[in-house]
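You will see chain A twice below: alongside chain B first, and alongside chain C after that.
This part shows the complex of A and B:
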């Protein structure tokens, strides 16, 4: 990295952190539990939200982050979730969301009656982990199809998150995945990480996710 | 983006491009076909290489890019491929590889008798697409578990690649994926993209990948 680049990056991270703290406090004051969903592309973030909505009586809002398209916002809106789309394409196709963009989005969203706010971050296990978006809890999703080694290879995303949701458990019989090894790799990089295993398809384990949401309601 | 950051980024991209051109020419002169494998984490880049080795009589070399761990280099070395690991962790956990790092790695690798050189880029559908590593062909992998919408949501990775390898076709019966829609979305963002569909598990479609390698041998 060039010296110049390091200096600019430090400034960006400092500004990002300050706005993140502001958001964390504001949303707590408003009684909203704010989660940041991170994962690889296709791990099932949008599907998790679609399946959460019917169980939570319409008090969810989502800020969708994507480089391009409003596909995810359309999907969650159809499921009855208040949705707002951020597209990073116009700003150079950024690979993560920053707290200032969430702050700007929140100026457009009426949070009256909203108990839960989600940010669905850009599908990427690397960069989003470096930028605090001010959430009360970072939630990392990993699908059973991604292999046991991902916590070791992308440790920061696992370290900055409190909860790991392992998705697509219905596929386990068709995969060679060693679930014990995956769990132990998760706890190797983050010993306190809570793990919830579920299948949006069969509904298996979904109650644990709903319990997690209800227990954390402010 | 800050003005300063834009200027630094432009300089980085210019330097990266110059080294990329140099690598492209050098490796062509040496008769090595050089491919850059890009995908989400867990799409099957390492497994593709492991399964390619036994069919290609030991003339493969791989530069593995990871933030941390040498797990992938160990896997491909075990399969008989000459492997070199780049870890970006010490440089700030970078989310992509750059041409200068590949150039440095190549100073450590004896390419005598090597017909095919692969870079296994960091598992990330966003950032690697922005940095030309000088490959003759970018190859994008996407697994059947990732959904049909990925070409629309991560278009740059599909645009800069010539070949799309759709992996894990053995899982199709257990998924809700619409393969026609996936193919049509791929061709919507890159009309000329060649598609090879395969399963490393069953071997289905693997011959098409081997044919692709043989046809492009220099």
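This part shows the complex of A and C:
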């Protein structure tokens, strides 16, 4: 070590991680199960939430992250979910949410009576995987139209998530997707990953998602 | 794009360390980045060079980037290996998937090196 060198050994994202830990603990203390939904744009995060609400007796809250528009917040609010929209566009168009954004959003949401909180992260499989938002579980969505190779192309998103929800299974007969290969690729990257396959359109497999939520109720 | 947010956190942290250590101008910021992170070094450096201008102690600092290899431990054969098949987390010795990452997730500032003398053109 040079004389004029000072050892630091400090995590670059330690501020984000400290706030994330605080959120994780606060929400657990409040009895709220907090999930961070990540996926490519258009995988069906908002549709999953819209279809979850009628089956969960209105005890959900969602923080929507998008670069622009309040369209998703409007959609989930219509489904009876308490919604708060974050737009990153005016602040440089960040393509992910950080824990401080979620903390600020939570100042605006009354969590009384809320059992489940979702962050619907910005549609992107790269950047959101780098930032801990303090969720109790990261949930990754992938739709059948995206093919089999996403886990291999975006491994970090699959490594930091515990549950993979494969959406739009009603489309399988119209696609060339090899579902066994998709499942195998998921488990090559994250052998412990739980998989739920569902169609929000037909309702097939949706009960497995609802069971997952009920089992994790605090 | 996440490189921008990481660079911002990096310059904030490096500046705080410089202030805590006598507010001397910084020559080098050494960071260690595990292979799991999806960071493009040249993009991070570009953001770093842009954002360091906000901090006079960092304005002549160079970013020194070290990538950390991915190491896994196999719970079946109890051995540690470099994961050359990344992103497939399989033990190269026994082909088990019962593995855990022991190195490669790091993202930290290792050290700061200060100028011995003031850099040219700076007070």
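Methods note: the second predicted complex is superposed on the first by the 206 of 218 C-alpha atoms of A that agree within 3 Å, B and C clash if a C-alpha of one lies under 4 Å from a C-alpha of the other, contacts with A are read in each partner's own complex, and residues count from 1 in each chain.
Note that contacts are C-beta pairs under 8 Å (C-beta built on N, C-alpha and C of every residue); 3 or more make two chains touch, one makes a residue touch a chain.
Here the structure is a predicted model, which is why all the values come from computation and not from measurement.
*Asks:* Regarding the shared-chain residue A:152, is it in contact with chain B (first), chain C (second), both, or neither?
*Replies:* both
*Asks:* Should A:215 be classified as contacting the first partner (chain B), the second (chain C), both, or neither?
*Replies:* neither
*Asks:* Check whether A:98 is in contact with chain B, with chain C, with both or with neither, and answer first, second, both or neither.
*Replies:* second
*Asks:* Contact-wise, after the overlay, does A:69 reach chain B, chain C, both or neither (first, second, both, neither)?
*Replies:* A:69 sits against chain B, while chain C stays out of touch.
*Asks:* So, does A:126 touch the first partner chain B, the second partner chain C, both, or neither?
*Replies:* In the superposition, A:126 touches chain B and chain C alike.
*Asks:* Mind working out whether A:12 is in touch with chain B, chain C, both or neither, as first, second, both or neither?
*Replies:* both
*Asks:* If we overlay the two complexes on their shared chain A, which of chain B and chain C does A:168 touch? Say first, second, both or neither.
*Replies:* Only chain B; A:168 stays clear of chain C.
*Asks:* Which chain A residues lie in the overlap of the chain B contact set and the chain C contact set?
*Replies:* Looking at chain A, the two contact sets intersect at 1-2, 4-5, 8-9, 11-12, 92, 95, 126-127, 130, 152, 155-156.
*Asks:* Mind listing the chain A positions that touch chain C in their complex?
*Replies:* For chain A paired with chain C, touching residues are 1-2, 4-16, 92, 94-96, 98, 126-127, 129-131, 151-152, 155-156, 159, 187-191.
*Asks:* Inside the complex, what are the residues of chain C that reach chain A?
*Replies:* Those residues of chain C that touch chain A are 1-2, 4-6, 9-10, 12-13, 17, 21, 24, 27, 31, 36-38, 86-90, 97-99, 107-116.
*Asks:* Touching residues of chain B toward chain A in the complex: what are they?
*Replies:* For chain B paired with chain A, touching residues are 1-2, 4-5, 8-9, 11-12, 40-42, 66-69, 71, 91-93, 95, 122-127, 130, 143, 145-147, 149-150, 152-156, 168, 170-171, 174-176, 201.
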